[in-house]
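Below is the structure I would like to discuss, written out as structure tokens.
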Amino acid sequence: MTSRRIFRSLPAVALVAAGAIVLAGCTPADGDAAATGDPVTGGTLVYASGDAEPSCLDPHVGGNYPQALIAGQFLESLVSLDESGEVIPWLATEWTTSEDGLTWDFTLREDVSFTDGTPFDAEAVKANVEHLKDPATQSSTGYLALGKVDTVEVVSDTVARFHLSVPDSALLESLSQPWTAIESPTGIARGMDENCVAPVGTGPFIVDEWIPQDHVSLVRNDDYTTGPADRAHDGAAYLDGITWRFIPDSASRYAALQAGEVDIIDNAQPDTLDQASKSGTLVEIDAPRPGAANRLELNSGQPPFDDIRVREAFIRAADVNDGIDSLFFGTADRSYSVLSSVEQLAYSDDSLFDTDLDEANALLDEAGWTERDSRGIRSKDGVPLTLRFPVSTNQSIPAEQSLFEQVQATAKEAGFDVQLSPVDLSSWYGALAAHEYELVSAPYTKVGPDVLRILYHSDSITPAPSGYFANLAQLDDADLDALLTAAASESDPDERADLYEQAQQIILGGFYALPLYDQQNHFLHSPGLEGVRAMPTVSTPTFADAWLAD
Amino acid sequence: MPRSRVLRRVALRLAGAAFVLWAVATLTFFAIHLVPGDPAQAILGGPGSQASQEALDEVRADYGLDQPLVVQYGAMLGRLVTGDLGDSYALKTPVAELIGGQILGTLALAALALVVAWVLAVGLALWSTSAGRIGRAIAGGLELTAAALPHFWLATVLIAVFSTSLGWLPPVSNDAASGLVLPVITLAVPLAGFLAQLMRERMLEALEQPFAVSAAARGETAAGLRLRHALRHAALPAINLSGWAVGYLISGAVVVETIFARPGLGRTLLRATELRDVPVVVGVVLVVALVYVLMTLATDVVSRFADPRIAREEAPA
Amino acid sequence: MSDLELSNRAVAGRSLPRPPRIGTVLALAFVAFLAVATFAPGLLQTTDPDAIAPRDAFEPPSWAHWFGTDESGRDVYSRVVEGTAASLLIGVSATAIGLALGLLLGGLAGLGGRVLDFAVGRVNEVLFAFPGILLALLIIVLWGPGPVTATIAVGLSTAPGYARIIRGELVRVRTSSYVEAARVLGHGRARVLVRHILPNALAPLVVLATLGIGQAVVWASALSYLGLGAQPPAAEWGAMLSAGRIYITTAWWLTVFPGLMIVVTTITTTMLGRTLAARDGSRR
Amino acid sequence: MSGGEPVRPDPGPVTAPDAPVLDVAGLSVAFRDGRGWREVVHGLDLSVAAGTCVAVVGESGSGKSVTARAVLGLAGAGARVRADRLDVAGADLRRADERDWRRMRGARAGLVLQDALVSLDPLRTIGREIGDPLRLHLRMPPAAARSRALELLELVGMPHPALTVDRRSGELSGGMRQRALIAAALALDPPLLIADEPTTALDVGVQARVLGLLEAARDRGTAVLLISHDLAVVSRMADRVVVLHDGRVVEQGPTAELLGDPRHPITRALIAAVPTEVPRGAPLSLAPHGADAATADRPPGPAPAATSAPGLPSSGPPGAPVTATRPPILEGLGLTKSFGSGPTRVLAVQDASFRIEPGRTLGLVGESGSGKSTLARLVLGLTAPDAGEVRLDGGPWTTLPERGRRPLRRRLGAVYQDAFGSFDPRWSVRRILRDALAAAGAETSDAAVAVLLDQVRLAPGVSAQHPLALSGGQRQRVAIARALAGSPDVLVCDEPVSALDATVQARVLDLLDEIQRERGLAMLFISHDLGVIRHMSDTIAVMRSGRIIEQGDAERVFTAPEHEATAALIRDSPRLVIRGPGSNR
């Protein structure tokens, strides 16, 4: 879930537009395309992550993106996705669902065992699901993903049967995520403290040691036989191991890559991407994340945005296109959908987002925001047209913060007083929980369109004990709720697609959100590193087929 | 001075040190507990987590967070006395261990930086006092500029120049010693600015003194005058600054460790503050305070040793 | 602390290595510039400091834009001018806070007798034991980030230093022979305090203040780097510095000019501070 | 008068080679000020032969010290030194570069400055300080240097050299310091020894011993250039005297002749100013000249005899019993004061009793640290005695609470050694005096201020001045004026003239005398200088380590000291000895 949001350390991710870079594969398939020459065995890869260091390596616990990034190297899921977004076998070879969609049978690969020797079987699957659903595990993402799974029944060693409370059309997508990956039951049994330090899976690498604040070292799993159906080669990885470093400062991270201190970095900044593509000395992987796009949510739960005219006026006034071009060096594409462009069912309508200052002013006058003060800020009945906009410095990269300043500047022309306040994560959540915001940017990563339900279903307005709630637009629309619920349990693909399209039309048409661009997720690596690719699931890189040439 | 007075003074200083530590612990503890944000949340995956009410209650019970603040405070003091800093909310590991793993890096960094800063400062002071008006003006400019350089900016520039452009040094710390160079310089330069400023003034002062004249009258060389006479006088106040300097360096470490991706207290603290990881914050602050206190005690001894005059006129604070 | 030496020298009346005359003139000129920039920035600005022009982003210094343009195409020069007020405000008020607290502590220690002196001494140590940023982080955790918190944090972290100096000055004056002379004349404590001790002991503070401002700005900028400083689009130097630093390899002018302002301001204030100190000194 | 060939001194052995050790001709020293040069020494001739001592005397600002330093090439960075001849031990130093100077300093010429507390590096052991020249000129290894240092300390009569060699100047007494300093200067037994005010600020006993050392060096054949303002010292050991004024030699010649028959008014004034053996009441200052007279002085008052107020005997008849019949205005009864506690406790004053009648002066004399100043502070009610009390005009004084004392304070005036330091640095003379008048509840008009200034023979114009702009003498006068503001009954003067030049000192002493007569003031006069004390006091109390060891009529104490220490004190105190023809006394 909000994984990406938790603990992203200062200056974080960068964005680049898929396609904008003409690199043959600014697509998740990049790896294969680049995989020229013969693989070389050996060598240790150094990975530099800009994300904050996880406090637990087990993605079941909590469940955020930094965990997914590293867990993908030593854990595997039951299923995966291919580039077209079709579900493909991984640890499960095949699956069937009942008519009512309430039971799923997963056939598992045989003669697979975890790196601690524990055999991988239906019991293991059962143990994992129970682990995820156990409150003591403190799972968030996985817990939500399997929300509709009641129990798992061990039919045989190789067949696990999932019993659902209600049909879940997103089950396979949910199971493809690293946060629901399968761990060794023996490992889990060791208890959280131990399992957090070195989770045990079936993946191509094994957690060797973790030196907090410094690095995690992974070594090759020589007995590795599994892997998703679309894997490039069979058997153990070429690399001897991976040194997983944490370098929060983007400039240092890029410098380290240039200096050859590290082989690959994530969260590459736009300007550095621009440099890299100009110099041509570094290779780039652009893997936009699935789920929601980066967008501004307009809080429709309270004035002034409870008035659709004011929402539209803001969207007409706030001009972001030039900003995206200049700040992201033409490496990020403007999006007109609330869903990521990698989502098959993403629906976009640019006609809704033309900027037109006159119309914005007209709308505001019509809505009664007629008075203007010396600074040109509108007000109504003495109440100024103020938009509080808390920005988390942990997750909005500098370029994005600059973009927000431009939104602030352009919206001001229409008489909006946008009050940006960059704050640290805790304060940010504090502001949201207290509803002290009119605007907010809160990306959300999840496989599949079901993310819409989490973000815009009225149920998501009721906060968790922490005060956190996902529906930040506070969109409360019965029709929408109906559509999303139906879509979530609709098994027929076309029907489902249609339902989601209608839902998205309601969201976009109601001016509840201002889409900006995909959740940018860029990796830069040295040309010496080959065969690396980003998983089509949540766009984390996998090094199962990667090697270090020369 | 007589033994008895020495002992009394030592006792007094130690008591003072203990008081400082207690006060720091107390201040930090209550400060953190005034913060909006629920420790239980911090424990359960931090803000924005969707931990269930049950889980929260469970954790509150486990960590005694349901106790009244005073009780928690007492518990903390009790643990502190036994050297137990409690467990990290986020990492669930003992804070003492966590800090133990991080402190050496930071101390090494700070120590090296202190040494380098001294070398730079002394060099600059020696040069500038022998140079003419213009030389002094330049030196003064250098000192002020150095002292006015924010660490984060200096670090970025150094990386851009020595790593990216020249490729001489690694931009991020690595196992090799070369990884220490840039961080140390980053920390040392601004400090050197301060020290040099102070030392130059003191040296010029000392060189005006009659004892400098009589030394010269014995045939002392210009260099000798500075090294054997003026420098000692200039060094004293700077030595007395060491306690402050260490604090200054550790402050800088917060930034420097982040930029150069060094493990250390600074980063630990920054992270813990973000996560509201109370035990870690208290722990780090305490350890830093301890370092400061020890440092001041040390400088106290050193300057006493270097300058018998201090022992004679004793001044509190 | 170097301020401490400085003030002492001022008191001792030895003439400091005075900045060359030209220097003083330049310094005064720059101060004038700062003054205008603070109270009437419009007179110096070439454009609206907040007017964005994404298409002209990252333009190097030119006749149109003396200091180039930033990531949003805003005129860096105009922003630097605009930022003067904010930055100096931070510097000045932080110093004010530090001095105020320093006065309180130093006053108690310097005039309150042995016990109080010892107590304050310990309190001071406690404050010293919270190194700058540490304290800042704590305070920010308490009241959330922002220019006000940053200012307070910086102010507090400078307080103990001032306290020490002030105490020293008070003790020096209190035990001076002219204070004794006043007592011999039969003046009451209050009168002696007001007529002699305070004016003489607090004179050096003027100097300290000028010295402190520059440093305060620097510290504040460090907080901005940690994302805890001024609010956009406020063109505060420290904020500009930290915002621009990620572009240091591609657009050096984003950091160099605000950085220059900070440095030059510090140098200027310090130089003037010293000149004052020398003046003050020669008068004693 | 040419300073050419050495003059044979009447006393002491003569080991005069043909060439003088120090031979200077046409020496001029100038300092850059603003755009031009300010010459402070004008074409000075000077020569010192081996085994002789030439004294350069003159008041501060006359160029004594500058000359001494110029000879060592230490006149200062901004200085311009020119000379027709500048030979030290046969080496021509006119074209000397820094290296030549270094080779010469310490080896051919040693320097002894006044106040060794600041002339020795407080952070280095005297052993190392003394070792410096050995290390620098002979490349002597530390160990050897140390043992040589020990010998030297023996030579200068340092008590327990083995212990003191590793001490720092701060841990030594003034006399030991001065010895160490001399030892350092003599380390290489240089042909020339320059002593700049070597005995100033030393107790007489020590003074005598230090002079002894210099004499010993001279008698060993060293040429000694003695810079001093103290004619008594000069008369004791100099063979020749050179009188400087405003950087020019106004008179020079053999000590006896010059002192016996001074030609130049400057010289006359200098000699007259020495209080030694000048009877109580007789003026010390001649016709006005010199700095503070020039700016603001008025001629000193008419002859004392004339002004001596009727009824108040200006001085007790010689040998008169101290216990006068009239009640004392100020009385000390068994005063005791100690500082510190436990093992570090020091008894500063021990059971001290004394009495002063109106119009009379009690002179308090003793070596430094004997408790004089503490006694003064007790009298002024600045610190409370542990035992005993001070009674003012028969009433309680020290036993009163400060609150109760305040209204009485105006009756007690105080004059300090460091007048300048006793003024608020921010205040003008007018404000200082007004403040004093206000304290006494007197009117604070400009007129009143003018009157005060007039009483100390200062022009009304001075009131606008800042003390910084005044000369030492003028400052002390202002201080006295302040003390008089409350028209007090008693004046407490703590070393009021020790910091002043001889002639200035003379005028200030005369002034105090006059004022006492005019107002019938009682005075507690503290000084380490027996000459001054004898000149100023009716009765004398001699202090030693906190106790008053002897007390009595001034003449009696001096002529027939009862206590051995007193005798020693008198014996050691240098007095101006005029040998040879035509003494004008």
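Note that the chains take the letters A, B, C and D in the order they are written out, and that residue 1 is the start of every chain.
Here, a contact is a pair of C-beta atoms (placed from the backbone, for glycine too) under 8 Å apart; a residue touches a chain by one contact, two chains touch by 3 or more.
Which chain is which protein? Per UniProt: A = ABC transporter substrate-binding protein; B, C = ABC transporter permease; D = ABC transporter ATP-binding protein.
What you see is a predicted model, and the numbers here were worked out from it, not measured in a lab.
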> Chains in contact with subunit A and with subunit D: which ones?
Replying inline: B, C
>> Comparing the two chain pairs, does A-B have more C-beta contacts than A-C, or is it the other way round?
In response: A-B
> How big is the gap, in whole Å, between where the Cα atoms of subunit A centre and where those of subunit C (ABC transporter permease) centre?
Replying inline: 44
> Where the CA atoms of subunit A average out and where those of subunit B (ABC transporter permease) average out, how many Å apart are those spots?
Replying inline: 40
> How many Å are there between the centre of subunit C (ABC transporter permease) and the centre of subunit D, using C-alpha atoms for each centre?
Replying inline: 47
> Using CA atom averages as chain centres, what separation in Å is found between subunit B (ABC transporter permease) and subunit D?
Replying inline: 50
> Among the residues of subunit A, which are close enough to touch at least two other chains?
Replying inline: 10, 251, 394, 424
>> Quick check: what residues of subunit C (ABC transporter permease) touch more than one other chain, meaning two or more?
In response: 140, 226, 245, 248-249
>> Going by the contact rule already set, what residues in subunit D reach two or more other chains?
In response: none
> Got a list of which chains touch which?
Replying inline: A-B, A-C, B-C, B-D, C-D
>> If we count contacts the way the header does, which residues on subunit C (ABC transporter permease) are in touch with subunit A in the complex?
In response: 50-52, 54-55, 57-58, 71-73, 140, 144-146, 226-228, 231-233, 243, 245-250
> Inside the complex, what are the residues of subunit D that reach subunit B (ABC transporter permease)?
Replying inline: 69, 72, 74, 98, 102-107, 109-113, 115, 118-124, 129, 132-133, 136-137, 168, 170-171, 181, 184-185, 187, 342-344
> For the complex, which residues does subunit A have touching subunit C (ABC transporter permease)?
Replying inline: 10-11, 250-251, 269, 271, 274-275, 322-323, 325-327, 393-394, 398-399, 401-402, 404-406, 408-410, 419-424, 427
>> Touching residues of subunit B (ABC transporter permease) toward subunit A in the complex: what are they?
In response: 36-38, 41, 44-56, 58, 90-93, 98, 101-102, 156, 159-160, 163-164, 167, 170-172, 174, 258-261, 263-264, 267-268, 271, 273-276
>> Quick check on the complex: what are the subunit A residues that touch subunit B (ABC transporter permease)?
In response: 1-2, 5-7, 9-10, 48, 52-53, 55, 61-62, 135-136, 138, 140, 143-144, 192-193, 196, 211-214, 245-249, 251-253, 255-256, 258-259, 261-262, 394, 424-426, 428-430, 464-466, 468
